[in-house]
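Worksheet for the structure shown next.
Think of it as A, B, C, D and E in the order they're written, each chain with its own count starting at 1.
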Amino acid sequence: MADALTQLGFASWLSVLIASIIKVTLILVGGSVGMMFLTWYERRAISYMQDRRGPNRVGPQGLLQPISEAIKTMTKEDATPREADRIVHFLAPVVMLGATVLSFAVIPWGRMFPVDLNAAVLFVIATGGLHSIGMMMAGWGSNNKFALLGGMRGVAQLISYEIPQVMAIIPVVLMTGSMSLQKIVEAQNDFGGLGWFVFSPVGLLGFALFFTASLAEGERTPFDIPEADSEIIAGYMTEYSGMKFAVFYLSNYMSNLAVCFITATLYLGGGNGPGVDALGGFAGGLLSLIYFLLKSFALFFIMVLIRATVPRLRVDQLMGFAWKFLLPLVLVNILSASFWVALLRWDQQWPQLTEWFGAPSTADATNWGRLAIAVVLTLLINAGAVALIMRLTNRNVQKHLYTTDEELALGLS
Amino acid sequence: MTLSHLATEDVFVVERNDADFRAGQGMTKGLGIVFRKFRKALFGKPNSDRADTEGQFNVQYPEERLVLPEAYRNMPILLYDDATGHELCTSCFQCERICPPQVIHITQAKDPATGKPVPAAANFVLEYDTCMSCGYCAEVCPFDAIKMDHDFELSTGNHPELDVNYDRLLRPISYYEAIAPTMWSDVKEQAMKKLQNNIKRRPGAIGRDHGQKVKGGAAVAVAATPVAGAAPAAAAKPRGPVAAIGKNMPEEKVAKLISIRAANAAKRGGGDAGAAPVAEAAPIVETVVDTPAASAAPSGPVAAIGQNMSEDKRAKLEAIRAAKRAQRGE
Amino acid sequence: MALLARGELRSILQTEMPNALDTRWDTQATDQPEAHGEGQTILLDFDAVVKAEALVEVAHFIRDKFGYTLLSNITAVDYLKQGLIEVVYQFYNAAEGGPDLRVRVRIGRSPEECIVPSLTPTWPGADLQEREAYDMYGVVFPGHPNLARIYMWDEFKGFPMRKDFPKTGDKYTHVTGE
Amino acid sequence: MLKTEELQINIGPQHPSTHGVFRMLVTVDGETLVDLKPVFGYLHRNHEQLGEVNTYLQNMPFTDRLDYFNSMVNNHAYARAVETLAGVEVPERAQYIRVIMDELSRILNHATAMGFMLGDMGAWQTALLWGMREREKILDMFEYVSGARMMCNYCRFGGVVRDIDDWFITELKKLMQGLPHYFDDFEGLLLNSEILLARARNIGVLPKELALAYSVTGPVLRGSGVAYDIRKAEPYAVYDRFKFKVPVGTVGDVYDRFLVRIAEMRESYKILEQAIEQLPDATGGFINPKVKQQSLKAPAGEAYARVESPKGELGFYLVSDGSGSAYRYKVRAPSFINLSSLADMCKGYSIADVVVILGSIDIVMGEVDR
Amino acid sequence: MNPIAIGVFIVIALLTLGSGIMVVTVRNIIHSALWLIASFIGVAALYLLMEAEFLAVVQILVYAGAVSILVLFAIMLTRQVTGEGVRVVFERWWVALLIALGLFGVIVPTLWQHGSTWEEASKLAQVGPAPVEGTAAAGLQVATATEIGRSFMGEYLLPFEVISILLLMALIGAIVIAYEERTRRRRVLTLAEELALKKRGIVEPRDAEGAVVALDSEQA
């Protein structure tokens, strides 16, 4: 865009500035509209699951409900507790929203990439991690026990789940050889646009793990402990009302949107799909955007489905799940990803592979033998690991009840 | 512990499935069920029968309404005869005595000439805000004068308004007949008989001097169109709350229906009371057809009487005179 | 472990624990209500009225000997005319079902007399009910871990369910002179 | 060795999961609960004194407001107490009608109570709203026979206020066609959900040995493994004519109470089936015509009558001095007495478990505070 | 050099320095930690400006997102939980100042040596062709993930491993200490445990510490 502006006769720095401003505006508008749609979508979907109708009064099918609610929250009283740390209390929602909006800088819309950062994948995670600061500020700045508890819980949860989240991406990075989202999308364009990572055993497990960890990062059920309303009222948001609360809400749903977008990009081929390349040009771009949004909203539907079905975990169970279940599986997945890469790509690092199985796949010719071996091997490793971990988890079913003397002694010594 | 009062086969231990291997199958099953519900609610038909467990079950309230069963009780109302304007209440104080929260306050009417009590109430105040809708007053009333209304949309910002006076409590019998036809037909005969006996003991306008009844009373029935109107309209349909998730009828249709009902009721009531002047039935229909627009105003049924009162005063007097003539003629 | 018929406990106690029974009502008939006029307060049932100090012992006795393990209900009744407060304990035999077994304690209404030992140490379920009896009737239960007002606020004076508590007016403001 | 600070937290009286204006003064060490003090009285309205001022009949609608989920059961228990006191005969048909209403109440109570408990666990209202759907259907039927959905005021001394008709029976049969599907859906949704198991198993254990000492009744007692059901132990109305089972748990934790409640719904269904079949025709009448409802005077004496309410043993203790109103009127409220086990049940678990344990006791503040 | 970039650089540098100063001057210790986060983020922005994207992201991920939060946790858990402590200004603050100045004196000449102007420095930092291992440039071109990876696995393998092992030891040590701590802590007995203890006749109920002591003595 900047180039086009320069050709129009603008100074180069001015054209960069204008282009950036336009981009930022588009992203912000797209993000907020997406978030509004998301709230409506979630409420309608969940109400159908519960045999009711959901918001259907404001606008066609209730589509304007989020707008009316935005207006409502804006006109509400903005209360700050007297004993609160006013500045920190005020800045917390700003930090939250800022972090979310930052992540939208690299998140693609179909095949449109606002900024193609080299470390885009990590960037998304890192900005997600900034949420913890906002939470801490909100929890501490409110000067409320429930808010503090919620903030502490939230921060502990975010930090814990960042680790499996980052490590679940490593297989994708290994398979692509790059951390740029654009390259990752390009790498999934084989087989007529259907070469998505999720169809490989490594990608499938990675997808499941990443999506689970992202649920926790986005504070979605069953990991919505920071705002567990039945225990600690609204967690770090307890003392927020009016516009500030709306900003928290906005940031929450925008980060959920970001999570869906990123998952769709990393594992579901982004804007790739049958027909995109064939169409090409503007039509292809539009089709890719449609594909992309469909994938993202399908992912969000899964989130809604989970929210409608399961209760939330307890804090200790939540931590246990991250460290005892997700982390080992993520490590195993990295192992099988390296097998996958070796079997599919290596010809020089380990020449025997080529000798045994033939040359690795190229864009024109797929080496089906190598692919089959890779699939079987990684499938075995991953399935074995999952079975083992589940076995261990089942053995560790809580021992709160000490029925025998030995257990009693174990539990107390 | 031995359980001698229970046979062994009468007790069973719930299955905890503690030893099962857990690999997310329970959660998956739950997700499947929720998804099925989603599908059924989105594409299936709504939940209309009591046997249905799938499909949407909510009612879009202001447009769609459940038919209230006849026995439904909300706030008490007092009845009067359409034709003669005579109130059924004789101020026997039964309801005042039984009322658990003690919200009924009756003043007995006295004959201005002799100072003796007359079987009619001079004033009747009911505190709607404290009423607990138990329905005892309607149950104990020997004259079937006090009945339970079906209008539940009484919310107001004006609290003193909820101390309801006699004139605002009165409804014509036709109104009650429309909301609870069978319940009224069960008691109709004896109620009207008792009323005739009481009328004989009421001198002058006592027992008829509250509110604008003949015309205003019809207005009450119609004034309820935006709020309670659906209830009488739906009474024509088969009974039963579930069958009632009906679409709302056009407003004019409802109004028409009610007007016809009211006219019929007035005729019937007149038949009981004696010769009902035809001239009296006509204004009712007229009012009815005219009223919907006016009644759409947020004032609600109760306020509607008061509004119409002044302009209808003359009509009322005429009606009373006509009724008197009819009585004398008999 | 057996179910006791109505009035049976009294005769059992007479032989097993003669000191436990409250002898004030010994002479009266167990089961025959006297004719009473309207509005009269009454004290009808004289089955197993035990002395306050023997209550815990009797409760354990019927639990261990007859299996009345479920202490279901504790009711305080104010008999103003007799100047008594009666506390009725209803026990059930959870194993055999059947009707309740009522053990009564009758005590005076003055603060010095209105004392019944607490059953909470053995029956933790009595906790809230004893607090309620204390709050509403002023029955003091020594041995209760936390005998505080339960429904009324802590500063409340008087016991509102007693028959001589004024039914109208704000007693609380009257007492504190506010 | 680091010292950890004990933190005092007020859960309630305005808190999403205290089921009304109930307050728990909680002392926690980290997340572990050290002490819990329940605080009541925010909804206290001196119900018992009202009962001593009102006549017997006048008090009936007040009993609706105790456990406002099950006003039918409250009416039944109170009517039984007065009938015992005054020696009133109840026609058989009325007994059956009361049983039908009681069992419908039990189904709707358990459906919503379990929904609320799952809501406390964080399941986003799905189970609750499915329960609400069934509850709506039942409440519509209550409205049809009694005139009100929740404050039914349905029982009278010696019978019920209005007979049930063919419409009611037809609709009841229709309802019962749907109920098994609801039970299946409900069980499939969460019964074996791994997260529910993690949250409910071995949480809030009330051991069998202690359950009776804590005076708990109803599903809490049966969840702890004591098969004590008043419908079997001291059959009232016509419960001795039905075949049904008493479900009991083994461990006495939240999960057992949950399972017991679901099993009880299924047993209630069986009772309903039999009750419809055995329902006598209308010749015997639905109310004892000899009873003077308004001016009922009970002979001097005392009476206690109890029924198995969905929450436990609901009893009314009445002392009469021969006048038209009770001399002493006491409610043995199941949720109030079941609460006495709360503090000890919660000790040693985390805050998140406290709300779940409270939900599993299933309290209604109208009954607790009275 | 792009004038926007220079402007942005000046703004970010000022913000970073300013928040750095606030870290050491504000009186509320939590505020100070929050200012620290701001300065971390400023540094990350500087990295981004130099197109060292990977470093910038890692700076946010590790420093702003994790380290600072650990600092906050440490403050909140060791002091009053509300963090209301007023900072005590260290008397010999000039020692810290001297050390900081010394560090500054080391860093600046080193940077100067590799490029005296902005253009040179940024050219060095930019993504270039894959460097030949062992050359002087390889150690400097640390902008991309690839370069950092190569450096860690090649030239700096030994220090990297040493640090890893050190961190692992610290981790294990922390776990051991925390675990001992947790097991020794007073445990609140649940009702079922109390009953189990009572059945074994060990202690009276509701005496958790006594229970632990009794069990310990029994095992010994």
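Brief remarks follow.
Heads up, the rule we're going with is that contacts are C-beta pairs under 8 Å (C-beta built on N, C-alpha and C of every residue); 3 or more make two chains touch, one makes a residue touch a chain.
Remember, it's a predicted structure, so these values are computed and weren't measured experimentally.
Chains making contact with chain D as well as with chain E: A. Judged by contacting C-beta pairs, the busier of the interfaces B-D and A-D is B-D. Think of the whole protein's Cα atoms as having one middle point; the chain whose own Cα middle lies nearest to it is D. Per-chain CA centroids place chain A at a distance of 64 Å from chain C. Averaged C-alpha coordinates give centres for chain A and chain B that are 56 Å from one another.
Chain centres here are Cα averages; for chain A and chain E they lie 24 Å apart. The distance from the centre of chain B to the centre of chain E, each centre being the mean of the chain's C-alpha atoms, comes to 72 Å. Across the assembly, chain C contributes residues 94, 96-98 that each touch 2 or more other chains.
For chain A, the set of residues touching two or more other chains reads 49-52, 308-310, 397, 400-401.
Shared contact sites, meaning residues of chain E that touch two or more other chains, fall at 81, 187, 190, 192-193.
Contacting chain pairs (ordered by label): A-B, A-D, A-E, B-C, B-D, C-D, D-E. The part of chain D that touches chain A in the complex is made up of residues 7, 9, 15-17, 31, 118-126, 129-130, 133, 189-190, 193, 195-196, 198-199, 201-203, 205, 251, 253, 349-355.
Chain B contributes residues 18, 21-23, 27, 30-31, 34-35, 37-38, 41-42, 47, 54-58, 60 to its touches with chain A in the complex. Within the complex, the chain A residues that touch chain D are 46, 49-52, 145-146, 221-222, 224, 228-233, 307-317, 397-401.
Residues 33, 36-42, 44-45, 69-73, 75, 77-78, 88, 90, 92, 94, 96-100, 122-129, 136, 146, 149-153, 160-161, 167 of chain C touch chain D in their complex.
Chain E makes touch with chain A in their complex at residues 2-4, 28, 30-31, 34, 37, 53-54, 56-58, 60-61, 64-66, 68-69, 72-73, 76, 81-83, 127, 144-145, 183, 187, 190, 192-193, 196-197, 200, 211-212, 215-216, 218-219.
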